[in-house]
Amino acid sequence: MGILNVQNVNKRFGGLKALSNVNLDVKENTVHAVIGPNGAGKSTLLNCLVGKLIPDTGTVTFQDKSVLGKKPFEINQMGISRVFQTPEIFSDLSVLENVMIPCFARRDGSFKVNALSNMMGQRDMVDQAEQMLIDLHMIDKRNMHAASMSRGDKRRLEMAMCLVQQPRLLLLDEPTAGMARADTNNTIDLLKQIKAERDITMVIIEHDMHVVFSLSDRITVLAQGTPLVEDIPENIKGHPKVKEAYLGEAA
Amino acid sequence: MLGLNRRDFAMLLLVAALALFAPFILNPFPTASGLSQFNAGYPDLMQRFVIFGIFAIGFNILFGLTGYLSFGHAAFLGVGSYSAVWMFKLLSMNVLPALVLSVVIAGLFALLIGYVSLRRSGIYFSILTLAFAQMSFNLAYSVLTPITNGETGLQLALDDPRILDAANTAGSVPVTSLFGLEMRSAVTLDLAGWSFTFSVGYYLCALIMLVAFYISVRLFRSPFGMMLRAIKTNQQRVNYTGLNSRPYTLAAFVISGMYAGLAGGLLACMDPLAGADRMQWTASGEVVLMTILGGAGTLIGPVLGAGFIKYFENIFSKINDSILHQWFSFLPDWMENLLVNIFYPFVGKGWHLTLGILFMLVVIFLPGGLVQGGQKIARKLGFGKKSNSDTPAE
Amino acid sequence: MSNSRFTRRGLLKTSAVGTAGLAMPMFFTSQANAFTNEPTGSTVTLGFNVPQSGPYADEGADELRAFQLAVEHLNGEGDGGMLSTFSSKTLDGTGILGKKVQFVTGDTQTKSDAARASAQSMIQKDGAVMISGGSSSGVAVAVQALCQEAGVIFMAGLTHSNDTTGKDKKANGFRHFFNAYMSAAALAPVLAQLYGTDRKVYSLTADYTWGWTQQESIKAATEAMGWTTINDVRTPLAATDFSSYIAPVLNSGADVLVLNHYGGNMVNSLTNAVQFGLRDKQVNGKNFEIVVPLYSELMAKGAGKNIAGIVGSQNWDWKLENEKGARYTGTNAFVQSFGAKYGFPPSQAAQTCYAQTLLYADAVNRGKSFNPCSVVEALEGFEFDGLGNGPTLYRKDDHQCFKDVVVVRGKENPENEFDLVEIVEVTPADKVTYAPDNPMFAGGDLGACNPGA
Amino acid sequence: MDAIILQTLNGLDKGSAYALIALGLTLIFGTLGVVNFAHGALFMLGAFCAVTVSKLFQLSHKASEATGVDFMGQPKFEDVLYVKEWFGNDLGAWLIDWSVPLSILFAIPIMIGIGFIMERGLIKHFYKRPHADQILVTFGLAIVLQEVVKYFYGANPIPTPSPMAFRGSFDFGVMLGFDPNVIIYPYWRMVYFAFSLTLVGGVFAFLQFTTFGMVVRAGMADRETVGLLGINIDKRFTIMFGIAAAVAGLAGVMYTPINSPNYHMGMDFLVLSFVVVVVGGMGSLPGAVLAGFMLGILESFASLNEVKDIIPGIDQIIIYVVAIIILLTRPRGLMGRKGVMEE
């Protein structure tokens, strides 16, 4: 069994069946993409993985432990980090502070009142965060106000915030949505770099086939809440069922 | 130094200097001059400046850092005062146990109210805190009179037990003290036309305020403070970063409630009477106004805001028409009367009007509060850097 | 600091507008003053602490007018007012003990806290030797306690709760105004005469200390003459609409409604009661009646026509001397000088504040010292006349004035906005006098006078 | 039984005042996203419109011949009312008697005007500012407005009676088969209840059935989209502010005979109306009305001695207790929408 295992997950919203009998098995240190047309249930699936939604039936396990019923912060503490469609960062804080917060969360757990220690005085935390910024080539922006950065940089910062926690699993929700081609390529390079340098498993939910095929090891195609096929990228290309599902939407 | 960076330490020194020399700074006019009306350097008002400064510093820890706007903080001030007075009545006139108890009780009370109220955010949180505080006020004024002495306020009596103190033989109510050092004792320095009063009570308050201020600076710069600011900016990301935001906000709420309790306890130490009015929503509103007026989220802003409002309440409300006539008496009669008529609506019984106008002017032209005003002036005067004030993020 | 001198301030002071430390110097033993804020120059400063903001601001403004007038008269300006009718003749228009009287003012906001802050600033900053004024009992008790601690004299303004000279009495505090017990004692015989001795009372009571003491007093006094109290409902202080408290009254079988409210509460509850048409009803074969034990001109003004025919009590009324004769001498003199200066007759709050100022000044003159203990001694047991209330005693045991109480009724057809009440009866002082150990006043202790040094 | 009917009547009446104030407050909130702490002051200004009108009707000059003496012993001159001189004794007396209802005509343009000036001159600069700033500036404005009123009218309540025709009370009990005097209710309070129902109905109809209302409702739901459609939503919002001010003002005008107005009556209602709005759910008009009536009725029941015997002091805190319970069980109040004012 892989690091993340989804079995027979069903989720209904009123009369609408958002997910039906979804099974997914993600192997350790692979990049697994979930694709599908709009409304296929990709985001619902993702929300079930991070604790925002609880499936009606079925199991979700991470490293053989169930994540169901756990709150988002607890799931994160288990080693799952999430990148949002629009970068969710602390825009009122500096770039360095943005990266330091997950460092503290990793060291101190979900809650600790260390109100009298000086944040900047904790060299190990600062070093960790700075090292991450160096790795992601943004150390020159360390004192910048996060709100004033470009969208691509915000994405990069969010990635840094996730990676600094050294998660076992990184969930990416359309990481290149709304980006210009250049930014998209930058993001692909960044993800490739992460994949090459770190032992990390990634689940990508993506629209952009270019991104999907350049990165993923396996692809699951979701349509109307059910997995259609799951295979390696080469076999997905030109798969008749996939073409049918997308109705020519695929590039 | 003291675990602070250079700028913060400089600010702490500045605040310490201001507090130490307040009796001089606040009495700029010779006693005999007409302008002495504007002198604020007498013990009672100076004590109020620093005590409400503590209250506002504490409020700022909650509002400035987490963005949760509590409209019921006066309840903790009131609870602190009641605890302190009860301590004076039952145990001893020493201020130390009174202060400890007021902080503890206010903290427990804040834990209770915060635990319930923090289940909601935004205006729903504000209204929950308001509801709790108004309940406390209404009950304190009526049903809880055996504990609070209702309308009159809880006060000391000759026949209180005071088990640790020697029996009272003097026939008058004893005064609060710190191991025998009486809070109300003072010494006066007459210098040329000026007169400066140094009181024990004020310096105790100022010392405690400095400690409170120092702790708040440390807190702002600590990982805990950063977490709170993170919660204010993006609660979603906080949750997905593995942090549980509820205990953080609750801790901030309790800490700020304890500050309020400390302020309430100090009020009672300086003047041992605890009135229910302290818990009314207007009192909660006052600390909100102090904080926003001074500059929410800044370190020194709340202290400035507190001083500003208390100054108006105590100085402007005392200017009556005969004082105005005195000021303008050198002018011809018609001009004197004209000027008195122009100014009179804004002072004395009209002090609220002036305060209201100033609220509006400050918030319209200085969105960052008085701190921003200070920065603007500093920049105009050619200080390139931001001087003694502080911005939330850096 | 070679050319500076540490000294107890005030010794060098030439102007009275100055600050003064509260208590004894700790570190420097210089010639200590005999008492707090001893006036050393040619002037003496009095502190007038009245509500200038909040619901009682108009009452405060009237008190302030009276204070100003009193200071003028003390300093020999104006027509002298009650100085000429006052039985004690030590006041001759040369100030107090030859010192010109100055005054400072402050805003109590009708909150204990604010009132104490304001009084503190008068004592510490302005060097006031006496604080006077106020328009509620909570404030009076709070400021009285402060003055006791600080060692200055407190001459209470309008405060009607039994507690002010009961369980919260203080040696440095004096009350000229009457109290809830006296109101009840004065009203009871008049009510019996007007409405008979077989009545059932339903009362609404403001839910705080003053309301309770008044309700207690009224209940005791009316039950003593045969009335029964069938229900007493406490109303929240913050209530503005009393309809839900008034609606059940008619159905309760009561035929008298007693409103133990003051200020805005009273105006609203009375307005509501009249709205419900209570006064047009017949219950138990009798006309339904409403009683408001404590009355004031400003409340009558606020209630407008609704006050017509409602009986209550007052400390004083500006028509007393004209209608009830020379026993109340001083009234006309005061009304004349007040009216000449401000254009309308004074309220009872104004009269009590004016009288308190004169009484203080006279006590200083008689005792020949501003020392609070000397003032206390001069005022205790002091019998006087000519201040508009007839012969009056400042009782030694509790520092309460005993004098006649005026029972009034709202006029049906007032001729103008100052002539809203008519005097029904004046209950003589001996009918409203109680023993110092009356249970309603028990539990307090004057303590010793405190000169502050 | 009779007590229940009686307190329900009382509650409906109290509730209508709460509902009217809360309606305007939530209207401003839902459309403009502004927390208006000066809304209570608008209610107070409305009440003083009525005071002003009745003062205008009572303007007088001194008669030329003295009749009697005044309290100072000076000759006294009777006041002669201008209205009686101009319109004759009967019409003059009628005008004075009916001054409160007539003030409505005066209050509508004045209050809309005040609303316009407030929005254009002050509030519009605060749309993008944090709620805390909005609270501070509108609170400052409220203080200024009430101090100005205090300067001109004093702090004492000013009696403004209803027309003679509506004084006294109506015996409901007899209609329902109870004994006389068991359930009585003042005529003017019934007028007030009917008036507020009409006003609430009018505002709803206006928003529901006019194009203007549709645009405003769309704007409440999604301001940006409506803006993108090329509709000048700002202008409409200004008008909405004027309407909200007028609703608060009219609530104040008609309230004056119930309780004599004073300068701080707005502050007395401010906290309460915020509680009502929040209990109803921020930005929900039906929620505000529902919560207003609900709290009014509960408050009335809590003032019964039978209830107070069980829980002492309950009438002091009932509103807050209910607010806490509702907010804890229904996170966004009775009918609130998600995402409004939760940040």
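Every chain is named by a letter (A, B, C and D) in the order it is written, and numbering of its residues begins at 1.
In this section, a contact is a pair of C-beta atoms (placed from the backbone, for glycine too) under 8 Å apart; a residue touches a chain by one contact, two chains touch by 3 or more.
In this text the structure is predicted, and so the values were computed from the model without any measurement.
Colleague: Following contacts chain by chain, what is the lowest number of steps it takes to reach subunit D starting at subunit A?
Modeller: 2
Colleague: Pick the chain whose C-alpha centre of mass, unweighted, sits closest to the average of all protein C-alpha coordinates shown.
Modeller: Per-chain C-alpha centroids ranked by distance to the global centroid put B first.
Colleague: Return the chain whose centre of C-alpha atoms lies at maximal distance from the corresponding centre of subunit B.
Modeller: So the chain farthest away from subunit B turns out to be A.
Colleague: Among the chain pairs here, which one is joined by the most contacts?
Modeller: Answer by contact count: the chains B-C.
Colleague: Between subunit B and subunit D, tell me the centre distance in angstrom, where each centre is the average of that chain's C-alpha atoms.
Modeller: 34
Colleague: Calculate how many whole Å lie between the centre of subunit B and the centre of subunit C, each centre taken as the average of the chain's C-alpha atoms.
Modeller: Once rounded, the distance between the two centres reads 33 Å.
Colleague: Measuring from the mean C-alpha position of subunit A to the mean C-alpha position of subunit B, what distance in angstrom results?
Modeller: 47
Colleague: Would you pick out the residues of subunit A that each touch at least 2 other chains?
Modeller: Within subunit A, no residue contacts more than one other chain.
Colleague: Which subunit B residues touch at least two other chains?
Modeller: 138, 141-143, 352
Colleague: Residues of subunit C that touch two or more other chains: which are they?
Modeller: 53, 57, 207, 234, 236, 238
Colleague: Quick one: do these chains touch in a line, a ring, a star, all-to-all (complete), or other?
Modeller: other
Colleague: Could you list each pair of chains that touch, in label order?
Modeller: Listed in label order, the chain pairs in contact are A-B, B-C, B-D, C-D.
Colleague: Over in the complex, which subunit D residues touch subunit C? Could you list them?
Modeller: These residues of subunit D touch subunit C: 2-3, 6-7, 9-11, 13-14, 17, 70-72, 150, 154-161, 167-169, 181-186, 188-189, 257-260, 262, 264-265, 268-269, 299-300, 303-305, 308, 313, 315-316.
Colleague: Spell out the part of subunit B that touches subunit D in their complex, as residue ranges.
Modeller: Touch residues, subunit B against subunit D: 63, 67, 69, 116, 119-124, 127-128, 130-132, 134-135, 138-139, 141-143, 281, 285, 288-289, 292-293, 296, 345, 350, 352-353, 355-360, 363-364, 367.
Colleague: Okay, in this complex, where on subunit D does subunit B touch?
Modeller: 35, 122, 125, 129, 131-133, 135-137, 139-144, 147-148, 151, 271, 274-275, 278-279, 282, 312-313, 316-317, 319-321, 323-324, 327-328, 331-333, 341-343
Colleague: Using the touch definition up top, name the residues of subunit C that touch subunit B in the complex.
Modeller: The touching residues are 4-9, 12-15, 17-28, 52-53, 57, 60-61, 64, 68, 103-107, 111-114, 116-118, 120-121, 124-125, 136-138, 141-142, 145-146, 148-149, 163, 168, 171, 207-210, 234, 236-238, 445, 447-448, 450.
Colleague: Under the stated contact criterion, what part of subunit C meets subunit D in this complex?
Modeller: My answer: residues 53-59, 207, 231, 233-236, 238, 240-241, 243-245, 247-248, 250-251, 264, 267-268, 271-272, 275-277, 280-281, 283, 298, 301-306, 318-319, 335-336, 339-340, 345, 416, 418-419.
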